[in-house]
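Below you'll find the structures, each written out as structure tokens.
Two complexes are shown next, each including chain A; its partner changes from chain B in the first to chain C in the second.
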Partner chain A sequence: MDLDKLRETAAEVAARDDVKYLIGWEKGSYGYRVAPAFAEDADGTADMIFSPLCTANLATYLTLVEKLPLPRGQEPDNRKVALMVKGCDSRAVAQLLVEKGIHRDEVVVIGCPCPGMVDPALLSEKYPETEEIAELKWSDDGFIIVRNGEETAVPREELLAEKCRLCRYPNPVVSDIMLDEPVESWEPAEDEEVTEIEGKEVEGRWDYWQQEFSNCIRCYSCRNVCPLCYCQDCILDRINPSWVFRSVNFSENTAFNIARAFHLAGRCIECGECERVCPANIPLGKINRKLAREVRDKYGFEPGLDPESEPFQASYKPDDPEDFIL
Partner chain B sequence: MSANNEPNIVAFLCNWCSYAGADLAGTSRMQYPSNINVIRVMCTGRVNPLYVVNALQQGADGVLVSGCHPGDCHYMEGNYFARRRLGMLKDLLEYVGVDPRRFHMSWVSASEGHKWKEVVEKTVEDAREAGPFEGFRRRQIDW
Partner chain C sequence: MTDKPKIGVYICHCGINIASTVDVETVEEYALKLPNVEVARTYSYMCSDPGQALIKEDIKENGLNRIVVASCSPRMHEMTFRKAIQETGLNPYFLEMANIREQCSWVHEETEEATAKAKKLIAASVAKVRLLEALESKEVDAEPAALVIGAGIAGIQAALDIADAGFKTYLVEKTPSVGGRMAQLDKTFPTLDCSACILTPKMVDCANHPNIELLSYSEVEEINGFIGNFDIKVRKKARYVDFDKCTGCGDCAKECRVADRFPSEFDQGMGKRSAIYLPFPQAVPAKYTIDPENCLYLKRGKCGKGPKCQEACGVGAIDFEQQDEFVEFRVGAIIVATGFDPFNPSRKPEYGYDDYPNVITGMEMERLVSASGPTGGKVVIDNGEEEIEPKEVAFIKCVGSRDESVGNEYCSRVCCMYTAKQAHLIREKLPDANIRIYYMDVRAFGKGYEEFYDRVRRENVRYIRGNPSEIFKRGNKLIVKAENTLTSTPVEDEVDLVVLGVGLEPRAEMRQIMDLLRLSQSGDRFFLEAHPKLRPVDTATEGVYLAGCCQGPKDIPDTVAQAKGAASSAMIPLAKGKVTIDAQVAEVNEATCRGCGFCVEICPYTAIEMVTVNRFGHEIEVARVNEALCKGCGSCSAACLSDSIQPKSFRDRQILPQIAALGVIK
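So, the complex of A and B:
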């Protein structure tokens, strides 16, 4: 990806009169860190990057904005928000459009075709972080790590993130501006982790998830980072009725994780953010991917592809499978 | 599950079909297990999937959701939505390790008293086979 072209385009968009701000990525404070950047004018875009470290899904920020009541006589700021998206992020935007979470006129989508991201945890484990800001680049058959002025070439399979190995849509499905030529999509890997759990006995699955869920500290990071968890009044925050108690024990943790996963059934676009931010390293992706697989195989539905489609749980087909009904 | 190993089943019945069906089974003096605790809802589409999770947390060993046959819904399409949602929920519960015998869904119309009897017998039998479900109980804390 040509960074000069990216910054030029970003500056152009951010300088537009009808754009409130542009959301992109920039280098973080040390090591492999990459931070989201908000540019209100062309100056703010000078340091923007797009590298294999840009795992963060910026579509989250579309719905995180706090909408305070306006003082009397003040006009609302109806300008657009511009954001950079990878393939998976663009599916989040498409799903938000489906659910009327945002309106098409409210966003400018800058598409970045994505050859695959690295797994940040795996990366810092194998190639320890430095105090200096390190960089990553794509090469023809892998990644190039630039640390302390040294370049290390790494094969693609070694560091590629799980979600990217399974990725089916590396190119943005919704975009106003494309920054590059579409990348050639690769053959998605078989989702063996989910198949492995499916193959276990019921008790084995229960024990496995009991172990994982008992680590949950109920920080709700997974909910907060999710681009599609945008309810103003989340059931997890409610006191009355209290759907899930706040106590951190196995029963409530399981109920919370079931509720979270279920609310994303037929909506999750598999950007893997929940799993990345989880401080307890709960493999949330395995639940989300299982539900996505069921939705795909049984109902022939894939979320986040067509902004004109109907939401999965708010629609039905008369011939939906009903083999589970007595 | 009570002391004598009888399963505790929560059943969500739709007002227009299954509740009337259960009523018919009662007025026809059909004998069926009394482990069912019926909660009447106006439509299966009204059953939030978290009701099922909550019931399992609060002491149910099995949950049954029953409504009108597809196409017969009093509200035209409520049971179609329910079928989709609760079908997904059943897959999810199975995936996290809840025994699939603990959650059932059925279509019972107002005239199917006999089918209601069969459904209840099957649900109770399944829950009894699956045994008491202690792992998921909400812990009672006395402050």
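So, the complex of A and C:
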């Protein structure tokens, strides 16, 4: 990706009168860190980047904006928000449009065709972080790590994030501006992790998730980072009725995680952010991908592809399968 | 609620329906100990007058303010008890029913266990009834007009009845003429009166009635609103003939360049018509219509040197520039009378309907024996060389009925009788013919039917019990292969003509109407009535009623009876001038609604819409419920991710304590 072109386009968009601010990525304070950047004008875009470390799905910021009460007579600021999206992020935008979480005229979508992200955990493990700023680039067949001016070439398979191995949509599905030519899609890997769990007996699956959910510390990072978990008043926070108690134990943890997974069935666009941010390393992607697979296989539906489509939860066909209803 | 709850629990014996399995006395003792319960009583029939009086008395004497009736399903008697407690001045929605019959005594055998379950169900209802809120039902004005969709005998009869009662009636018919399937029939069983003779006067009546607006060659495009206030939009398709100028003389059809080229729908394709046509001589309205699919001028923009029909028409009625028109109006009630399709026997290839011209359907037979039919009522067939009178005629019954292989498990209810009638008509016309009827069972259940069946049997018509397995050709004869199941002998009969007693199927295009009116189908794919016994003409959509074969196969007497029933039901809101809107509807918490619109999409009654509201200076979208349309089904509540829409009386805070009392959750 041509960074000059990226910054030039970003500067133009951020300078527009009808744009409130632009959300992109920039280098973090140390090591491999990449941070979200908010530019209210052209100057703010000078350090923006797009690299294999830009894992964060910025679509989540679209719905985090609080609409604070306005003093009488004050007009709301209805300018657009511009944001950069990868293929998976754009699906979140599409799904938000379907659910009217945002409206099309409220956003400017800048598409970044994505050759695949690295798995940050894997990267730090294999190529230890330095205090110095390090960066990553794409090469023709993999990644190039630049540390202290020294370049190391790494094959793609070695560091490619799991969600990117499974990715079917590396090019943005919704965009106003595209920063580059579309990348060539790759053959998505078989989701063996999900198949493996499916292969287990009910008890085996229960044991597996019991083990995993027992580690949950109920920090709600998964919920907060998820671009599609944005109810202002989350039912998991309700006290009366209290659907999930706050105690951290297997029963309540399971209720929380399963409720979240079900609220995302037919909505999750598999950006993998929940799993990336989980401090307890719970493989949340698996449970979401399992539900996505069910929805795909049983109903032929994939969320976040067409902003005009009917929401999955609200669509009904007389011949919908119902064999899973006891 | 302001007052301390004072609950009365009324346990019904329902004769022995409940009392034989549930120990009602023990349940009564138990109920008295439940929190806030002041009175608990048992009675043999709580729904009877003395039973209701018990409740009313207690409300007055003991100041009860919440009532639990433990009896049957609320579908049965919720309204009964609501009315009863309303008479005392208490809000009718302060009632909770514990279903200890359908959900307890009828499904259990052990008294001990059934009694324990009845106790739990009552405890749950007591837990909920305290939390119920007072609801007020509303009244809205009803438009004193009705829409009838479909002008076969059902639609015609319904429209005439409503119009005679003094209400404006819009009768919409898709085809150019009213009359429907009945107009195609020759004579009608069992009395053998001529179908046209009894139907045409009604057809003319409905065209001339001052209260009926007949919209023929028209289709309903849009229906919005609810009982009392349906807004209707109808498309009047272009006939390309000026309705007011056309005198119905028929000169145009004679002169048409493609005269008598196209299969006549009315004659089941056995006769021919021109591109400009009157479906049949007695058609109402007697106005010609140009078929745009076949008219040379409309199809190609050119018809010789100029359209001949235009030349022939003495009054200048032909208008190729005519466009579809739309009419809009409001009605208070709708009757659906869209009829049926005859089963297409191509789906039973073993009977060779597609291969052999002398295998015909019962509907085709009707046209063949009809004096106004393509042969003028002569029963003749083409045996490949010449037109002859058939000597051997075979009827096969249950073609496309009672047959799982084609997906129709139901009996079509008319084939036994129309087959017998046609056998009789053929016997009249061909006294020497050999007539055989292959049957599974003979169902002659109506008034005069069994007698007619007997008469036909005495007319030397042979009934052979056994469904043929195959029809094939040998020489210029057809062979019917079957097993006579009464004698267990295989038969192979040589015949000249086979008449397939085809059954009735739901209309292929009924989905359109289903989508317009949010109707459901029953297992047989016909429209579903609200209750199979007690509300046979109502639908789940209030203000929409069913008449005739769209609800299930019917003969003419039943169709007319149902049409009259539907008309009388439809007239209730029209005559009252008001409709009551039930108060148990969904409500949106606009403070937490995130405006995703899932509820809008999922609502089966289109009762929810998105509205823009101002929340502290910000324009935001939230869902809003149209209380007149909402049925309180709760689908929206299930779809809502933020729990922002809930049906009144079934809110989380009301049903969770109820569930908790069952001991399921903490």
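The definition used in the following text is that the second predicted complex is superposed on the first by the 323 of 326 C-alpha atoms of A that agree within 3 Å, B and C clash if a C-alpha of one lies under 4 Å from a C-alpha of the other, contacts with A are read in each partner's own complex, and residues count from 1 in each chain.
FYI, contacts are C-beta pairs under 8 Å (C-beta built on N, C-alpha and C of every residue); 3 or more make two chains touch, one makes a residue touch a chain.
Just so we're clear, the structure is a prediction, and the values are computed from it rather than from any experiment.
Enquirer: Does chain A have more residues touched by chain B or by chain C?
Expert: Partner touching more chain A residues in the overlay: B.
Enquirer: Taking the superposition as given, does A:70 touch the first partner, chain B, the second, chain C, both, or neither?
Expert: A:70: touches chain C, not chain B.
Enquirer: Please work out whether A:258 is in contact with chain B alone, chain C alone, both, or neither, and reply first, second, both or neither.
Expert: The answer is first: A:258 touches chain B but not chain C.
Enquirer: Using the touch definition from the top, say if A:235 reaches chain B (first), chain C (second), both or neither.
Expert: both
Enquirer: Check the residue A:313 against both partner chains and state whether it touches chain B (first), chain C (second), both, or neither.
Expert: In the superposition, A:313 contacts both chain B and chain C.
Enquirer: Please indicate which partner A:36 is in contact with in the superposed arrangement: first for chain B, second for chain C, both, or neither.
Expert: A:36: touches no partner chain.
Enquirer: Common interface residues of chain A with chain B and chain C?
Expert: The answer is residues 235, 313-314, 316 of chain A.
Enquirer: List the residues on chain B that touch chain A in their complex, please.
Expert: 49-50, 53-54, 57, 70-71, 77, 80-81, 83-85, 87-100, 104-107, 119, 122-123, 135-139, 141
Enquirer: Can you list the chain A residues touching chain B in their complex?
Expert: My answer: residues 197-198, 202-210, 235, 243, 245, 247, 249-252, 254-255, 257-259, 261-262, 265-266, 287, 290-291, 294-295, 298-299, 312-314, 316-318, 320-322, 324-326.
Enquirer: Which chain C residues qualify as touching chain A in the complex?
Expert: These residues of chain C touch chain A: 591-592, 594-602, 610, 615-621, 639, 641-644, 652-653, 656.
Enquirer: Using the touch rule from the top, collect the residues of chain A that touch chain C in their complex.
Expert: Listed in rising order, the residues are 67-72, 74-76, 99-101, 230-235, 238, 240-241, 263, 310-311, 313-316.
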